Amino acid sequence: MSLWNPFGSELRKTATLPAAWAGVLVALLGSAAITALNALTVRGAVAAGTPERLADTSPFETGFAAMPIIGVVGAVVIGVVVIGSEYTADRAESGGARQIATTLAATPHRPTLFIAKALIVLVFVAMTALVTIPGNIALARAIIGGAGIETVTPAEAVTRSLSTALYWALMGLIALSITTLTRSGVIPLVVLIANSSIVSFSLLLTNLTPLAHWLPDMAGRKLFGFPSEYVVQGGLDPVPGAMVMGGWALVLMVVAGIVFTRRDA
Amino acid sequence: MTLLTCVSSEITKLRTLPLAVLAAVGTVLIGAVITAALAANAVDQGAPAGATAVLQAVPFAQVGIILLGILPAAHEHAGSQFRTTLVAVPNRGLLATGKTLAALIALTVTAALTVGVSLATAAIAHHLSSVPLPARGAEPWALAGAAVYLSLIGMLAHVVALLVRHLVPALVTMLALVLVVPPLLAGVTEHARWLPDRAGSLLYLPGADTALTPGTGALVLVGWVLVIGAAAVAAFITRDA
Amino acid sequence: MIQVDGLSKRYGSRAVLSDVTFQALPGRVTGFLGPNGAGKSSTLRILLGLDRPAAGSALIDGRPYRSLRHPLRTVGSMLDGSGAHRSRTARDHLAWVASSNGIPHRRVSEVLDQVGLADSGRTRVGRFSLGMGQRLGLAAALLGEPAALVLDEPVNGLDPEGIRWIRGLLRGHADAGGTVLLSSHLMSEVAEIADDLVVITAGRIVAAGSLADVTAGYATLEDAFFGLTDGRQGAAR
């Protein structure tokens, strides 16, 4: 079975799913709000002549401060709903009334279906990244104007933006895989969103064992490229970290794909 | 139809819903496990941890109690059970009250158990290591505050779910509001102290903020619950089924 | 006795119900017929206090549903299958419904026996077949031993044995003096069991009266149905 038809139908399906757009909007609007606040604070401090109170006045850093984390929440929501929406019951009774039955009737070749869904997650996360990352930086720049001193070179900016988008994409795929295994979005949402906040179970584990730095969300932490004064020490460098995180995503996808193919609907 | 029968049927609903039981047990377990990990860590370094470990575990236990708070209102809308409920209890004001009371009972019991079991776990960790427990200072109040905080955050989740009606949106909203946004805002503005979890944290971390006391912090959190709760109950009563 | 008077409802600019008036009398089975989208479910939802009408009233023994103290002990209803959450067991579902209206717990086992789900009491509702879900919905309707039964498509998904059983149940309930309001598409069933008929199309009542009166001049109930609803079809759905 070709990939083209399932990809097209899954794209149409997700594009008409309000929850998927909610994930995009959470990333976009949530980060914009905090970036605006951040930028106004920076501008205010510079105008009042007290820039030493701030970490730095770089528009890029200002735009980048909250966006990566909020974007993770959006990516997780996207990954969860692309497969989770297949399993929400239309009616609580008469088993088999869930959308997955219709989907599998249309596309019985499950590996193809799973890959199509993974591609859709990537498309939506990429779309989110494309608007959110430059958007936030532009917003910060617009508000701060010339008042700030840029400490980030254009090359660095591009690298960090792409790396952040990569982190989001991998988190989206991890969310997709876990939700495929659990068939319900509740646990993956709770665990993955909690892990991207200060209440991070992974971060706590790093206090107990250095092995925790190999967990997917910990391994990829340095991809955001935050200045090292603000990041918990230890752990993997950006490139090895990205590879570990990518490895996790791949393994989880393979496991989820196999389970999805073999079990009952 | 009395409030008592309404509350009793709502509690029956909760205790027979597998996910609710899982959320409650999960909250207690998260609290205990994280306390054990923190206490073991501290004890390894020879430092007494005791109640501090419990208080540090509270933010993690929030995660489970938020899910528990959302379920009473949200699970009705997965399928057609909400219709059944309205047909059994057509008085929506009574229904909202009964549901909220049942949620309150479930949340306070879970919160108390979480703090209690976590404290016991910390004590065991100490006992096993022969590092003496630190002398009790103002800690009993902080521990009680932690249980109150967990119950109130759970109630906030309940009124959000009552308003939003569906599990996933309510869950994402609460997790974002309580876990993700506060640290990001705290780095930007001092007004972040008015966020529900920041204000409420004074209950178990009394010195954390210069402008708020445990009492005022608790009032801010209760204020959040009441304002969203008022909107939620108004919507609940007037919306179509 | 169920009395519906001048009921009207709009969804936006669409008139879903226009001046709907009819009765369901005690001791009789009243069939509520109409094409898809005619307004049967809308009428029943208003009767059971789920939705508000723009005008008119729907009363049970002279009182609106929301004012009944123990509604499930007055009216047993089944609107849409089991009405249960998929992850609870049948028994647990009936348990909370019973406790909400002060119905004694022994009724749970009694109704499960009555509908033939005694062996499936501890099965999760999510695993039920269509017919089992219907039976669970009926069990919930019967829990409070109500005087009136309001059922929307109760025969949907039942096997022949179940259909015969329901026929006996509803007939027995009416013969014992209870009120039965039954909405259905199954002409043959309605013809067998109904004493009175109410026919609705595009939100308006086109016929109401005894079975004999409504089908007068037509060979069968089916002919009467099409004769009365023809030309009024095309209700917005």
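A, B and C label the chains in the order they appear, each numbered from 1.
Quick note on the criterion: contacts are C-beta pairs under 8 Å (C-beta built on N, C-alpha and C of every residue); 3 or more make two chains touch, one makes a residue touch a chain.
Here the structure is a predicted model, which means the values were calculated and not measured.
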### Task
Could you work out which chain's C-alpha centre is the most distant one from the centre of chain C?
A
### Chain occupying the most central position, where position means C-alpha average
B
### Query
If you average the Cα atoms of chain A and of chain C to get two centres, how far apart are those centres in Å?
48
## Note on the structure
Whole-angstrom distance, CA centroid of chain A to CA centroid of chain B, is 26
### Task
Find the geometric centre of each of chain B and chain C from their Cα atoms only, then give the gap between the two centres in Å, rounded to an integer.
41
### Message
Give the residues of chain A touching no fewer than two other chains, as numbers and ranges.
### Response
89, 91-93
### Task
Going through chain B residue by residue, note those that touch at least 2 other chains and give them in order.
19, 78-81
### Task
Going through chain C residue by residue, note those that touch at least 2 other chains and give them in order.
80-86
### Query
Which residues of chain A touch chain B in their complex?
19, 22, 26, 30, 34, 37-38, 41, 65-66, 69-70, 73, 77, 80-81, 84, 88-89, 91-93, 185-186, 189-190, 193-194, 196-199, 201, 204-205, 207-208
## Note on the structure
In the complex, chain C touches chain B at residues 45, 48-52, 65-66, 68-72, 77, 79-89, 92-93, 95-102, 140
#### Entry: chain B - residues contacting chain A, complex
19, 34, 37-38, 40-41, 59-60, 62-63, 67, 78-81, 167-169, 171-172, 175-176, 179-181, 183-185, 187-189
### Task
Going by the contact rule at the top, pick out the chain B residues touching chain C in the complex.
1-2, 5-6, 8-10, 12-13, 16-19, 75-76, 78-81, 83-91, 240-241
